[in-house]
Every structure is written in C-alpha cells, then in structure tokens.
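Notes follow once the structure below has been shown.
Chain naming follows the written order as A, B, C and D, and within any one chain the residues start at number 1.
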Amino acid sequence: MSNKLSFSSDYMEGAHPEILRRLLETNMEKTNGYGLDPYSESAKEKIRAACNCPDAEVNFLVGGTQTNATVIDALLRSYQGVLAPESGHINTHEAGAIEFGGHKVLTLRQKNGKITAEQIREALDAYNNDANHDHMVLPGMVYISQPTEYGTIYSLDELRNISKVCRENRIPLYVDGARLAYALACPENDVTLRDLAELCDVFYIGGTKCGALFGEAVVIPRPGTIPHFFTIIKQHGALLAKGRLLGLQFDTLFTDGLYEKIGQIAIDSAARIRSALRDNGYQIYTETPTNQIFVLIDDDLMQRLSEKVNFGFWEKYDENHTVIRFATSWATAEEDVNQLIMLLSEYGA
Amino acid sequence: MSNKLSFSSDYMEGAHPEILRRLLETNMEKTNGYGLDPYSESAKEKIRAACNCPDAEVNFLVGGTQTNATVIDALLRSYQGVLAPESGHINTHEAGAIEFGGHKVLTLRQKNGKITAEQIREALDAYNNDANHDHMVLPGMVYISQPTEYGTIYSLDELRNISKVCRENRIPLYVDGARLAYALACPENDVTLRDLAELCDVFYIGGTKCGALFGEAVVIPRPGTIPHFFTIIKQHGALLAKGRLLGLQFDTLFTDGLYEKIGQIAIDSAARIRSALRDNGYQIYTETPTNQIFVLIDDDLMQRLSEKVNFGFWEKYDENHTVIRFATSWATAEEDVNQLIMLLSEYGA
Amino acid sequence: MSNKLSFSSDYMEGAHPEILRRLLETNMEKTNGYGLDPYSESAKEKIRAACNCPDAEVNFLVGGTQTNATVIDALLRSYQGVLAPESGHINTHEAGAIEFGGHKVLTLRQKNGKITAEQIREALDAYNNDANHDHMVLPGMVYISQPTEYGTIYSLDELRNISKVCRENRIPLYVDGARLAYALACPENDVTLRDLAELCDVFYIGGTKCGALFGEAVVIPRPGTIPHFFTIIKQHGALLAKGRLLGLQFDTLFTDGLYEKIGQIAIDSAARIRSALRDNGYQIYTETPTNQIFVLIDDDLMQRLSEKVNFGFWEKYDENHTVIRFATSWATAEEDVNQLIMLLSEYGA
Amino acid sequence: MSNKLSFSSDYMEGAHPEILRRLLETNMEKTNGYGLDPYSESAKEKIRAACNCPDAEVNFLVGGTQTNATVIDALLRSYQGVLAPESGHINTHEAGAIEFGGHKVLTLRQKNGKITAEQIREALDAYNNDANHDHMVLPGMVYISQPTEYGTIYSLDELRNISKVCRENRIPLYVDGARLAYALACPENDVTLRDLAELCDVFYIGGTKCGALFGEAVVIPRPGTIPHFFTIIKQHGALLAKGRLLGLQFDTLFTDGLYEKIGQIAIDSAARIRSALRDNGYQIYTETPTNQIFVLIDDDLMQRLSEKVNFGFWEKYDENHTVIRFATSWATAEEDVNQLIMLLSEYGA
C-alpha cells in the first residue's frame, strides 16, 4: 500500500483478472464440494492434455507447504525419509511440516539450489553399503524444485539423470513446482510439462505464485501411485470444501495458454531488469534464468535503493555487502520495470 | 448445475456478492503475505470488537478440519486427548486428522449432538479416580460445536456449566463454529459472540459455510493461550500465503452486520420449511432451531421427492424409512423455498 | 514383600528359574547385538516349529504396549485405523500409543472382551456403504487378544470366521497374545499355535506374563508381510541391544514344553480357586477359562478378604458390590492356592 | 562364539555377575510393576545421592534410542526441534525415532563428535535474527553425548558454557550418557555426576553398555521439568512391566562404587591398548580418552589383524586405508588385552 516500487515477492497481488471474472460469473452456481464439480473436472482434463498424460490423476490443494507435506507423507512409509537439497523449502521454511508427518529430511549439499543424479546415487549407495543401514532412515524418495529456491532450473538432461537414478532404485521422484510457470517460460528451459509427467512420479503446478489467488495442482502421471490420496488430503486438513474454486482457477490458467502468458510476463520483466543491472555495473550474485534476480550490493547503495524500492533481503554477504532479491511475477507492470531500471541506472553500482 | 431444487448442503455456492466485489476492487494491490496486511488487521479489530475482547488473538485459517486439527494439536500436550461427543466432526468425518497429530479423541455419548457438563465432569472424575490412570490418555481439553452436527444449539446455561467444569479442571474449552452464523441468528439462541469469548479458551467463527468462499476465524480471547501459534499453523500446512484473502472476507462479513444478515436468511428459510413440513404432516426427526432440518420420511416419498429436489441423506431409519436433511444457507433463494414448500404440500407425508 | 497372599496380577515375580539358570550360564559369552545371535536364531527355529510354519519371521520385542504400537504402525498406512474391541488394551491402557503413531482405534462393542466376525463385517460394510467414507478413517486391520482382557478365549470357529472376514476384505488380522500360554493351556481352548499361524497375519506369543523376565515374540507367518520390520522396530525404540536376552528366554520357554507347563500351572490353580468359589457360594462375574477369575463380591466381604489377600480391583458394580479379580500365573504356589481356598471357605460369600 | 579376540563393541556380554546374583536372589519375590517396587526406590535414592540432588526424579527405561526418543519428545513442544551434532546418535542411527515423534533434528557441524557453546549461540541467534523465523522450526533444546559417539568428552568448562547458553535462552540441555561410566572413569575427565545434575535439565546414566543387561537411568534434577513423564514413557512403549529388573540393576551398579569400577576396567584396558598402538607405530585417528580407540590402518594390515581379532569398521579413509575401532568395556579380560597387545606388536604398523 506504500508508494514505493515493489519487487519483493511474487505473491503480493490477488489473481489474474480473468480468474476473478470467472469467479464472479459462476459465483451463485450450486456445485458439489471437494472437487467433485464440473470446473475441477474440466481443469483436470486440460492439465492432463497439457501433460500429454490422459490417465494422470490431478488433485488441487491450497498451498505449497500443505502440498509438500501431504504428498511426501503419502509417498513415504513411516520408516522412510526424503532426500532433498539442504536449501529445499521443505528443509528450511516449512516449520517442520515434514517431520510433523514423521519423516526425516535427508539433506544433500546443494549448488545454486540444485542437486545432481550423482549425489543421489552416492547417498543411496552409502545407505545400501552401510553395515548399520537397518538402524538408519531409509531414503524413500527424492524432492527437488523446478525452479529451485535460488531461481535456477534443472535441464532436461539433469532431470532425466535424476529420474533414472530414482527408477533404478525404485524410489519416487517428486518435483515442487511452486513457481513452475517461471521455469516453463524461460528461453533457457528445455523441460516441458510433458517431460515432467514422463520423468516424475508426482509433481505440482504452482498456482499461488503464478496467477491464482491460491492453489497448487498435484499431478500423478501414473494412476494408482498413491492409493486413497483423497483421504490423505482430508487427513492433512488440505481438502477445500468448495473445491470448484481451485478447479475454476486452474481451468482458467489452462485455457488459451494463460499459464504460459503469465510466465512470459515475469520472465520478460526479469530479463529487462537483469540487463539493466549488468549495463550499470551491478554484480549478479547467482545467474538465474527465472523470475528471481539475486544481486550482491554495497550496503550503502542498498540503503538508498530501499527508500524507493521494496526488494527481498536474501543474506548478509560480508561486513559491507548484502545479497538482495528482486522478484517479478505475472503481475509486474511494465511501468514499474521502467522506473526500476531508471533508478538502477541513476544510482549506479 | 441441474434444474432440481437444491437443499443438500450449505457450501454449494461461492461467496456473498459483497465479498466478491471487494476481492475485485482490491485485486491488484500489493500487500505482505501470511496475514500481515491491513485487511487482516482490520478484520481482526472488527472481530475483537464483536467479541468485546480487545486483546483477543485472531488467526484466519482456510477450512474446518484444518482448523480443528491445528487448534487441538496446539492446545494438547503429546500425551493428552480431547473429550468430544461421539458425533463430533473430529471423530467422524475428518479422516483421522486428530490422530494424525498424535491425539486420541475421547468420546462421550451425545444426545442430539450435544454433551453435558455433567458428562464431562464424570469423564474427568473417572480418569482421576482410576488407579491406572497413568496408563491412560489424559483428557486435556473439551471440543464441542455450536451449532452441533445435528443442528442443535447449546444454551448459555449449558455452555456456562461446561465452561465451569473445564475451568475447575484447568482444561481448555474449544468450540467449533463452522456454522456459527446459523446459531447466532436463531431466536432460540442466547449465546452471543461475547459469551463465547468469555466462556471458551478458543473458538472459531465459520466462514466457509457462512458466506465466505472459504475461511475460519480462530479467536483466542486470552492472548498467550497458545504460544507460537503462527508457527504451528505453518507446520500444519494451514498458513495461506495471500492471507489478505481471508482478512478481506472476514472484514466484509463483520462490516454492517453482514454475518448476522447471512445467518438470518438461512434461519428464516429454514423456519418456513419447518412450518410447511409440520403443516403437511411430515415427521421432523430432531427438533433443531438452525439451518439444518431432519425429516423422517417414507422411502417411496423420498424417492419421489428426490426427482425434484436435492437433499442430504442422513441415515437409514428402518426398512421403509430414512432420515433426510434439508439445509438452508445465506444463499437460499426465497423462490426456491416457495417451490420446495409447494412440493412438500403437493406430495403430503 | 508383604505377608499377604498375592493374587493381584501375573507379572509380580521374575522369571522361571530355568531362564535365570541359562542367563547365568551364558552371561560372559560374547555375541552380536540386536538379535543376530545364536540364541535368538535357535528360539526362532523352535517357534517356527511350534507354529508349523518354517518360513515365519519371528522378532522379539520387550513389552506388550511396545509390541502393539510397533506392529500396528507397521501394518497400517497413515490414513488407516485399527478395528478393536472397546475393551482392547490398545484402546484403554496404552496411554494413546496407537494414536501417537498416528492411527485411530476404531472401536467395536465387546461382549466379555470379544468381538465377532459379524461385527467386523458390519463395520467394514458400514464404511464401504457410507457415501462419505473418503472423509473417514479407513479400517485397515483387526486387533483382538487371545485370551482377552476379560480372560475369555476365542474358539477356533470364531477365529476362523474373523480370519475369513479379514481375508475377504484384504485387511490383516493381528492377535495380541500377552497371556497366550494361559489360553493354550485351557481345556476349553481349541486354538493352537498352528491355528494362529494359519489364521493371523501377525500375532505375538507373550513372555512377560508367561514365565519370562520380559519379552514378546512377534510371529509373522508369511514372510514379507511387513517390509523393513527391523528398522520399524528400531524407529519405535523397541530394539533391544542385547537381543540374545530375548532369544535365550524364548529358547528356554520353547524347550521341553516349558511354555505349556507354565500355562498349565496357572490354569490348574485357577480351576481350583474357581471351584472353591462356587462351592462356597461366591458369584463368578464372568465365566472365564483362563488365569483370571472375576468375582462379584459384597463390599464388606471384599474389605475383610483384602486384609489377608491381595487381589485386583476390577470395577464398582453397584453401591455395595464390586468386581474383583484373582490372577494366577506360572509362579503361583500350590500352598498359596490352598490358603486362599481355606480363606474363601472360612469367609463364605 | 568364535575363538577370535573380540574388541568390536561394548555390549557383547550379559551383565556384571553381581547383577545376575541379585536377580537370582530376588527372583521369586512378588513386587508391584512399573517401577513401583522397593528396588527401584532404593536405586533412585542412590542415584540421587550420587548426583547430590535429593529431589531429582529418576526413571528407568530399557534402551538408548528409546530413552532419547521419549525424553526429547517430552521436552519439546510439537513445533520445536532439537539442536544436536550432526554425528549425534539421534541423527544417524536411531532410524528416525525423533522424527517419528514429530521433531526435526537441527544439526550443528561437529568436531570430534562435539559441538561448542558458541555454535549453539550462533544457531539460536541465527534463528532469532531471521526475519522468517516464524516459518522455521524453533530450536527447543540441545542434545549432546558424554562421551560422544567418537569417544571424546566435554570438559567441565565446555559443559558449563553450553549450559549457560541454554539457560540464557531458556531451552533445556539433555545429555545422552549411554557410555557415561567410561567418561566418569577417565583421568582426563572433570565432569562429575553432580556437575551433570547441576548443569543439565535431563541426562541419562547408561546401563546397557556399562555393566547392566539393559537399562538407562533418566535423571531429572529439578522435579516438575517434565509433567506426566510416566504417561509419556508408557505412550512411547517404554515402560517395563517388571520395573524392578531395572531398579535392581541400577541399585547394584550404585552400590559399593560398582559403576565406577566398571568404568575403570574399560579405561585401564583402553589405556594399555593405546600405549601399545603408539609404541608400535600405529596411527591413532582421533585422540580419545574413553573406551573407544580409533586407528587409521593400512588395509592389508587390517585384513591380517581381522583374522585374529574382531574390531569395529568405522569408515573408509582412502583407497588403501581404513579407520577401525577397538572398544573395551567392563567385561574386557586382562588376558585378552595382553593377547591383543602382542598381536599389535607382532604385526607392527
């Protein structure tokens, strides 16, 4: 509500106007609850088509932490844990939701938010070769994010390799797609929804950060992967009574390529900002192709910038420098990007 | 989407139009997430005022099962269970969400969905007097609903007595108000929001079934009752990223008496239907003053009615009779009530 | 340590002397931990032979609650609950250990501590026919005790019928045999270890109350029923470091028919006491063939008896009467039985 | 059962003969269960005296993983985690028992198995200073081991500093003393039982690895620290029916300085082996003063040694070298130490 420019995160606005339009239009219709309504059915069909996966099970949940906790608990047996990058959202900012479900997060060292097939193989081999492994948590699945918490993306080759290790070891691969639209829209990206459906056991298509008021679409490409998932969702308090609200939003996002368009706006805006940063001598901290831009900045300059722009504080780098984050989104206005670019140019680096 | 009249439940439509109007109006504003926004703040203030409880903590969650599981887990220590009527929602239709959090539901026999202070006292005495009680689950709180799952309500006297037993035994009292608007609007009701704030340790004001798209407002009259509740909500996957969606809805519901009006519509509609049932010789199964009407009906008549009206199947009564439920809501149209009354009159009982 | 006769429970002494003799004899041998020792292996073989089940997996745990919690958590998926008589130990005196593991105990009304195949079928049918069953806890297994908490036993016919319902519904049957020796030794009993192995998916042979210092032998007749059970045991804190202590005890109990002999002593003692009770006009409260005898007694008489004998208080019957319990065991001395019988005769009823 | 020398672990034998003698002596006494017996009472008194802590609550559990899981779950609220060295037993070899209870293990980098007060302070500061800490697991206690998994010990100064940080931050300090006898007996050690009682909130005195058949004595110096601990123990399946078995063992260990003597034997044996290793040019991998000796050894030599001696494999060091572990204990025979020393001398390094 301030007059400052805002690039601090990608969930500060409501929803894409088309979503609101349809909510209004359908508001007084009477439908069954819990996702058993025609809008949810239509959205599922469109997502199945987009994933080229006509048999996929699709379920709509409300938020990311909820989705991660529910899916991971559903995929694991009680004595199993989940392999994840130490920077993974489930390991850092979900308040122990995975452990609340009884499962250990088995962390792997990350590089730019990513882990490799080789690391997964090593972790599984280490477990299998440990004489005491019956006293240890069994690695029962792999969790990664696309894009990662650091805004980086897995290439198709990398994802294929990870999927291969998982399948050789018969453990499921789950991809957190909270910001998936912003990976899909990257020129650098070569992983499509179809690839995800082929290579993952479960993944979710993020709505909350990608144009919806809220909502995440969980895709299970091979039906039967998670028996009784509906009940598990209910048990986790993750079943929305008026499920059509989720169905309608995803139906809208998957009509006329809206989900792609939404991603494109964020990526184009980010590209323009990145270009301006480089042109003006700012130091990009991590090269990322998606909607998050990390800049290593002098603290004085940060202070001055912060009087005109809201951005994210990422981490203290050293005594005089900080890493900050600019996030664009489907809602980023061209005019705001223009103004930010002028400011960046005016202040130099 | 059918042409049939629908009285099957109270969460079949979207939201009160005023809520949608304001969602639209504020859609492109940028606000902080997780409830740290001006709309949430405003809604909290209005709820505090309505409860005459200026220090109350108010938190907004998405749905009822989620709210119950989160609040109960927050109020109990690991070795404690929750006393509840055997018909309580947490004991029947929440897929074990309470047990998922590690707690036993300690059931008491219900009468018309209600339990008494005396039953609670007896259960606590039985526990305390049992020589083996250290081997048993300690009753750590009481859960009731207002109105109950059977549409009945607790009187102020009854609630006072229950509160008194709880306080004498130093265990918290939690009231599930999923349909609270429909209790508050009853002529028979003498329990106000202020009374709830005085007599309960935690209660929630239902939105999902009372005019909102979704949302439940958890009221903790005495601050500090639940330390770190925000983190507990997050851990349960119950923290909405765009918290303002909840704030805005409750802000609207608590502006210009909308929550009361919403309740009134449902209660007036139910009263007209009840009256028509009686006039036409139908047998009311449980006398309820709220928005749910239970009718004991001959199966043939039920069959014929079901061709014109959607209603809820409650339970099989005997070989030839069934208990069915008509539910009204904030969205019930006068015209639909008129048509239902005509049908009831036409078919007789 | 008092001079009073003691019939208050069946775990007041240490272990059968032969067990202590062998503990002493083998004390300074060095063996691998966690059950990977020759005594455990030998005990497993003897139990497999006694069960006529050469492929059975056998694991030794320390106590009953621990065993129930571990086995039930291992057999159920997170969204499933366990059907059990409301009087079942898991529902009453295990301090919520099953719920701690995330599972609901789905209670069935008991009669003399028992439930019937018909009740199980009805519960499963009720679940399956409930339109809302996806919102409910799925009954995922059946728990019964042989003998029951009330000292009664299931006949082979009854057990076959229960097993049949479970198999038709593809849910496992688990039998708690904390006092199994006392069922096996009954003349009225027609259920052998072989029958249990054939009809159950998991059962345990109680040691703690049947001659051992501690220990319960979990038998899984069909290998592979519970993958990674060793790790599950460890996760539940139920893996004894010096597993040979368990192995040695069960090896001893299953050598030269010791487990049978132990049961016989308790049953013979109980039969003599029962006979004396009847001869002297006492009122047996529940007819039980095992080592627990329930007597409905006038409170004055109870008071006088309690000055000379320790017995169990079972429940208040009415204002002037109480149900008390005499328990015999492998350690019951003939002389003590003689004295009790004299007392019963002296005091009359 | 092999003829090889055995130094592979410290829980390969039964119990100190004096314990068996008393088990035999008291075997047929009848006592109440669950620790409500005179032997448990006597043992508690002796432990209180040894800790100079007359009000301490003392509870006896069966094993280490069980004790850790029960105590940690009892000390934490559902949203809290436990700070621990990444090498801590709870993080590595307890099969996820802490997570099964719903809690995250928050790991700190260890050095020789130890963490510092400074690391704890930094972790707490990092949490407190993180703008998003309400989305994170709250560090609710500290877990360390004395001695550590690597055989090292905390000095009194180090322990005082850790205790100070914990108290300043109002979080409890818990010390795992699975091998406590072997720390107490070290000449290098300056931390007494009295110090532990003063500086910790909970600690346990290990029995399983220190002379008992099994059993760990949990000491809570300030009563009331854990309300309803008895029920929590029961809920965790950790309550031994014949609790006197635990009481009697600890009563024996704390009579006539037996616990100290037991430690001394192991420490003296280890000192002789360490000396021989040094004299013969072996490379000690970690300097440890307790009963575990870590040696970096050439794989050929390891192979040859393993034909005559059982030892522990610790970790692969490089292509041609391995770290192995010799463990002594209360049961280590002088003759075996002599033979090992001869072998070490014969084979050289």
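Here, a residue touches a chain if its C-beta (ideal position, glycine included) is under 8 Å from a C-beta of that chain, and two chains touch if they have at least 3 such contacts.
If you're wondering where the values come from, they're calculated on a predicted model, not measured in any experiment.
Within the contact network of the assembly, the step distance from subunit B to subunit C comes to 1. Interface comparison, A-D versus C-D: the higher count of C-beta contacts falls to C-D.
The distance from the centre of subunit A to the centre of subunit C, each centre being the mean of the chain's C-alpha atoms, comes to 51 Å.
The geometric centre of subunit C is 34 Å away from that of subunit D, both derived from CA atoms. Spacing of subunit A relative to subunit D, judged by their CA centroids, is 43 angstrom. Chain contacts: subunit C has residues 78-79, 94-96, 100-102, 134-136, 231-232, 234-235, 239 touching two or more partner chains. Touching subunit A in their complex are the following residues of subunit D: 78-79, 81, 92-96, 99-100, 102-105, 131-132, 134-137, 313.
Contact residues of subunit C toward subunit A in the complex are 73-74, 77-79, 101-102, 134-136, 138, 227-228, 230-232, 234-235, 239. If you check the complex, the residues on subunit C that touch subunit D are 1, 6, 9, 11-15, 17, 20, 23-24, 26-33, 38, 62-70, 94-97, 100-101, 208-209, 213-214, 231-232, 234-242, 245, 331.
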